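What follows is a set of structures for review.
You will see two complexes here that share subunit A, one where it goes with subunit B and one where it goes with subunit C.
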Partner chain A sequence: MLKLIESPFDRCLKCNACVVSCPVSNYSLDFGGPKHLGPELKRLIENQDLLDDPRVELCAICGNCDISCPEQVHVTDLIVQAKAIHSELSGTKFRDKLLSNPELIGKITSNLAPITNIAMKAKPIRKAIEKVMGIHSERQFPKYEFNNFNRRYKKKTANSERKVAYFVGCYATYNAPEIGDAFVEVMAYNNIEVAKPDQHCCGIPMLANGQFEQAKKNAKFNVQSLLKYVSEGYDIVATCSSCTLALKKEYVSVLGIDGAEELAKHVYDSSEYLRMLDEEGVLNKNLSPLNDNAGYYAPCHMKAQGIGNPAMDILELIPGYEIKDLAAGCCGQCGTFGFKEENFTLSLDIGKSMHDAVEELQPEYTVTECGMCKNQINQMTDQVVKHPIEVLAESYKKSK
Partner chain B sequence: MFDVIVIGQGLTGMLTAIWLKKKGKSVAIVHQGTGKIIQSTGLMDILPGMDGTIEDLIKEYQIERWNDVFIKESIESFNMLMRDLGYPYRGDVGKPVEVITGSGHIKLTGLFPETIVPFPKKGNIAIVSFKEITDFQSEYVKGNLQKRRPELVIYSVNVSLGKNSNRTMNQLDAARLLEKSDVRKYVIAQIKKYFDKKVIDKLDLVVFPSVLGVMEWKTVLNEFEMEIGSPITEAVGMPPNATAIRLNEFLKKEMIRQGIRLYSDTTVISAKVEKRRIEKINIVNNKFNNLKAKNYVLATGEVLGGGLEDASLSNLFVVGATNDSKVTRYGITGGIYSILSSYEAVSMISGAYSHGNTIKGGDN
Partner chain C sequence: MGNRIETEVVVIGGGATGAGVFRDLTLRGIKAILVEQRDLTYGTSSRYHGLLHSGARYAVNDKEAAKESYEENLILKETIPGSIERTGGFFVKLPQDDDEYVTKWVKACNEIGIPIEEISLESALREEPYLNKKAQAIYRVPDAAIDGFTMIIDLVADAVRRGNKVLTYHQVEDLLMRENHVVGVKVKNVYTGEIIEIYANIVVNATGSWAARVAEFAEIKINMINNRGMLAVFNQRFNKQVINRLRKPSDADIFVPAHNVTIFGTTGINVDQPDDFSLNYEELQMMLEDGSNLIPNLKQMRIIRAFAGVRPLYQENKTSEAGGRNVSRGMALLDHSARDGIEGFVTIVGGKLTTFRYMAEKTGDLVAGKIGNYKSSTTRFEVVPHRHAKEFFKEINMAPATKNKLFHWAGTRAKDLEKKMKDEEILKTVVCECEQVTLGEIEASLPNGKFNLGDIRRRTRLGMGPCQGTFCHHRAASLIVQRGLATAEEAEEAVIQAIEERQKGMQIINEGETAKQLDLMRAIYYVSLGMGKEK
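Right, the complex of A and B next:
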């Protein structure tokens, strides 16, 4: 039986702020919307039998409802619970179980990397996958790296004065180990050694697909593993905005993991961490000029952290570097959401504001923290996409 | 360290932040959720909930320091901003006009977007509602309007958007649907059919709920005007009104494009005060943190807002509804008061404007 933790819903005044801000509601009439599937559904089933509402499948857990709520109702938490109930009562498709486990996919696929990357670009294979698995054939897939970050970096401890334990996340581990490399380099330029603790997928894709127990299992493992580092004086830093949000918020508010609250105090997004070093006056500012003109795309899970815009705060320190916020809404990829055959068109509809913003500002390339946002930007535009830490590493390297 | 931290992301907060940024200040907004702008009409009323003039506003709120020059400059600044953002407002705060509401009543307003047309005293009016939108019923609107304006000839028509929904649809859903050309064609055909049947050829105004598109409002408005061949207006009513959502979206986009830093889903829990100055504010979003600025603007509204309303703090500017409890007779402010109050705070912080009697606070 599911054990769900209390999340306050009675403060909801039905003001519609969440509905107005929900990217899925804005482009689909099939979705019940955050207000109905969050606080209202919870009100309905409180002290009664659980109610299975299949419309929750369309929630992408982007968190824009939480950002918009003036009454501090954690709408996403409530919908994640409704998703768990839906899976418990109606089961989960094999596809969704698979998609919810990027770590497993990453392990298998990166081992076979050269072949899988070619295969995922072959039309007949994609058509077959669409038919059997329900993953849309025109959806671009991120490439997988044989020489993944687990193969590249095995350091478990750090000996510098300030020490960082790096939560790599599935994307930087299996798809973009160059982000991990860049992170380690940037830290080295600041005399900080990086350790890579034992870790599993943060669990966000599991929550999005109703795999509550699996998410809890992963969260417990990560909290235990990372807390050991915290007790030894490490700061926990992540380069993926969804992982960061999970460690800061979801482990506490949805999953209620013991120790999660303590851990959250020590978790930083990579740019947020560098900004803190800058505020303390210890950031290495020996940055060489980059005469680039970039656009910044803020992932929803970055906005939800309420830390301003640390990526731009840091990149603006690079002499000559021009960066402008695209000020676009949700990209529509939303992790596993955009891979599903039935969501493909909706996913592109949602992404239109991102696409239009890129067209309007015409940056040389786009900077974003999220690998899934990158996937959608690559799908819908011809932009090169970089992680802020890669740009910073480039500037440091040039100044050597 | 910012030049200014604005607390609150409603109309007042966003206007203040954007104008300060344009004056070269580094600005952050700290906010817990959206502002009440989402529930507003998007119209700039002079005395919300009442019919009044700018003189009444000044008398009501005892703001004699807001002289004609200041008012003119503030309003021009707002109009210029909205024109630049692609959602222009018109009207004259010295001469408020009558507009129709979503319940068929007539009210006065100061500034209004181009999707709104002042309501005529006489003539032929048609009211169009959508079967799918329960918040706006043309027969009900007609009933109320006819009582107030017996001399009008009023037609009411109820058409369909032709789309099934898995939830109760609101005005914003209709506004987004009407941005699609096939939906517009379907709706226009039904309206034309009704007009042909009733042999109506000349209408002075066709009234819609607040649904004429969101960011694509111009395309939607032009096509309806051209196809129907009469002036068109939106009647603002039950939120969400597309008129307000557009205003919110355009301002928010501008704010982010200008590089204003947003601390979202974040609550201010306390402040460190030294010698009557706020040194820093303590905030929380899962994690505790603090932020520093030279000046702070409190734009949290009154009904559900409030907070650091200590008049003796020298670098705190309290704007909008938070300014004074007298401004919320019906629990509503917004509108012209928000524009003037924001503009005043901006003028004072940037040191560009001074007009004797000051609002609370005042460090440059």
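Right, the complex of A and C next:
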């Protein structure tokens, strides 16, 4: 039987702040909303029979409800539990199991990368995938790299004074190893060596698809692996906002992994880490001007960390660099959510605020941390999308 | 003319005892009318913790009451299944509790035949993780949770279905006397002021704490002690089963799960008035202090309201005790013909909710005998229609939680409700989110008289959850007006009355989320909606 973690729902005042802030609730009446599927449902099953509400599938665990709650109820944690209950009682679709495992997809697909990338662009194949897999034929996919980051970077230890253990995440490993490269370079410009600890998918896609036990397994592995580095004085840094959120919050509050609380104290988003170096006065500011005009799109999981806007704080240090906050809501891709055939239209509806903000600001390109947000931006606009660390690497390189 | 009714028996009091007597007589084929001054269950019968005793609590001090309770526990589980959750219960001995009492208690339970089973702390904590880990002994008992609201409403509905009549919101103005005979009651409709005279062969006074007042109309003196007890409702159901403290029965040692909440009680303070439901902050704090011995986290958990009930304790006169009838202590069946020389009048008081059926049966025997009906009581095996409705609502698209509520709630109304919900989409609207109450349920339980949110609450749980009606009262009222079932004025009056009543139970908590909830409620009703006057 499922063993769920205590998460306080007692504080909910039923005020609906979470419902108002929920991107899914704003576009769909088929979703029960975060209040009902979170604290309300939890209260109704406490020490009574479990209730299986299939509508939890529509929750994209974007975390906007958590930020909006005036009572600090961890709504997402509660919904993740409801998702786990739903999977336990109703089972999980094959597609969702697959989607929940980007590491596995990454391993297989990147090995066949040249072929799969081409194949995924072919219409008949997309139609077939829609039929067999329930993934919408018009949905764009991130490309996969044969020369993935695991093949590119194998360093397991660092010898510099300040040491970083890099949590790469599936996206930078299999889809965008250039982010990993850029991160290692930026750290090198700051005399920090980067080690890549053994790691598995952070588990966020699993939580989103009710794969609670699998997420727990991965989390345990990661916590153990990363804690070893912590004990040796490494800081843990990630470039993916969802991975960072998992390491900082979900491992502690949803999964209740031993040692997670200790680990969380040492975890940083990459820009947040650089901002800290700057605050300590040790950041290498030998940055050459970039006369770009960019828009910054904040992923929901970045907002959910409650650390302000470190990407812009850092990028604004680049001379001549213009970056404006797109200040839009959720992009609608929401990780695995937007791939699912049944969510396709809803996903694009939700993404409209992001789309409109891009149209209005007309930046040369968009900066965001999240690979899935990038996927949706690519789907809905013709923007080039960069990770903040890539922009920073560019500036450092120019000044060499 | 409508102001005079004739029947065989008038039962005064719409609590467990009155409802029990009313149904008992109905099943014997006796024509009866039930009269209640307010709504059914308004008095003590809903103002208690909802514990269906296994008898274990009384085992040491009152063997007879314990035995009676255990027997009734078994009967009620079979005959009122829709209002009882077979939770089971724990008796928990803490280090500071008397060892000798435990020995006595085990022996007494064994003698009486109450099945108890000692279980390990480890397995007890697995079932009830909030229990004090220092507990020294834990016994499992066949306690259960019983819903006073649904039980009484169902008992009365069953009698009404069989042809008898009920008058709620009818206050007794006087007993109709002919010399030394009580020949009926004069009642007043509290809403319209209309007076009705009901003539009957026998009048049964089953008014609990109000028994002395009613008896006074026949110039009979009954000594009642009104013992007020306070209880607290927690936001969450933190226990699966009843948790009792294994010590000499005292204050603040019972935790009963009631649907989605836990009810914690109680205290005992004598008061003058039968409707003294006042709440006392210090009393609550003392309760919590004591209760945290059993549940160490108690003070961290959110209380959504407190309430009080008055135990109607009968004090015997030396000369009283009707003809040495074989009734147990605690309950008193007074035949005023033998006791006071007044014919046609019977009072049944005292007892406990667990033994209400037994009390009703004994009263029924006495009353039936007096009017020459010699059928015996059948309440021992005649089942009150169940609340289950799992076979319905299958094709209706509703949230699983909402459906689940209907599955356990709709009972005899299910078929009708299902049809209406299929015909009218709006009836599926969840009005009270905390307790998942739909507009359909609200309309199905609208009493005939005035629109009153309290009456709806008692029938549906509307407003019983964490927000205490902050969001559902105005929704219910506006929907009811929109549907043409009440005027805007009636609805506004009902809302103001309901939120004032809810606030009484919330104010006393005065801290944490409940204080914030109260602010939110006041802001919505008094400021945003501009209703009533802020107090």
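As a convention for this text, the second predicted complex is superposed on the first by the 400 of 400 C-alpha atoms of A that agree within 3 Å, B and C clash if a C-alpha of one lies under 4 Å from a C-alpha of the other, contacts with A are read in each partner's own complex, and residues count from 1 in each chain.
Here, a residue touches a chain if its C-beta (ideal position, glycine included) is under 8 Å from a C-beta of that chain, and two chains touch if they have at least 3 such contacts.
All values derive from a computational prediction rather than experimental measurement.
Trainee: Go through the superposed model and pick first if A:E40 touches only subunit B, second if only subunit C, both, or neither.
Mentor: second
Trainee: Now for A:L29: first (subunit B), second (subunit C), both, or neither, which partner does it touch?
Mentor: Once the two structures are laid over each other on A, A:L29 reaches subunit B alone.
Trainee: After superposition on the shared chain, which partner residues are touched by A:S21: those of subunit B (first), subunit C (second), both, or neither?
Mentor: After superposing on A, A:S21 lies in contact with subunit B but is clear of subunit C.
Trainee: If we overlay the two complexes on their shared chain A, which of subunit B and subunit C does A:R55 touch? Say first, second, both or neither.
Mentor: Both partners, subunit B and subunit C.
Trainee: Looking at the overlay, what does A:E341 touch: subunit B (first), subunit C (second), both, or neither?
Mentor: neither
Trainee: State whether A:E88 touches subunit B only (first), subunit C only (second), both chains, or neither.
Mentor: neither
Trainee: Name the chain, either subunit B or subunit C, that contacts more residues of subunit A.
Mentor: In the superposed model, B touches more residues of subunit A.
Trainee: Looking at A:C12 after the superposition, I want to know if it touches subunit B, subunit C, both of them or none. Which is it: first, second, both, neither?
Mentor: Only subunit C; A:C12 stays clear of subunit B.
Trainee: Which partner does A:E130 reach: the first (subunit B), the second (subunit C), both, or neither?
Mentor: neither
Trainee: Given the touch rule stated above, what does A:D325 touch, subunit B (first), subunit C (second), both, or neither?
Mentor: Once the two structures are laid over each other on A, A:D325 reaches subunit B alone.
Trainee: Under the contact rule defined above, give the subunit A residues that sit at the interface with subunit B and also at the interface with subunit C.
Mentor: Touching subunit B in the first complex and subunit C in the second, residues 15, 32, 36, 55, 71 of subunit A appear in both lists.
Trainee: Could you pull out which subunit A residues touch subunit C in their complex?
Mentor: Those in contact with subunit C are residues 9-15, 32, 35-36, 40-41, 43-44, 46-49, 51-55, 71.
Trainee: Contact residues on subunit B for subunit A in the complex?
Mentor: Within the complex, subunit B contacts subunit A at residues 28, 32-36, 38-39, 163-167, 169-170, 172-173, 176, 239-240, 245, 252-257, 259, 261-267, 283, 285-289, 304.
Trainee: Provide the residue numbers of subunit C that touch subunit A in the complex, in ascending order.
Mentor: 235-240, 257, 260, 301-302, 399-401, 404, 433-434, 436, 465-467, 470-471, 513, 516-517, 520
Trainee: Please output the residues of subunit A touching subunit B within their complex, sorted ascending.
Mentor: So the residues of subunit A in touch with subunit B come to 15-17, 19-21, 25-27, 29-33, 36, 55, 66-72, 248-249, 252-253, 264-265, 267, 298, 303-309, 312-313, 324-325, 327.
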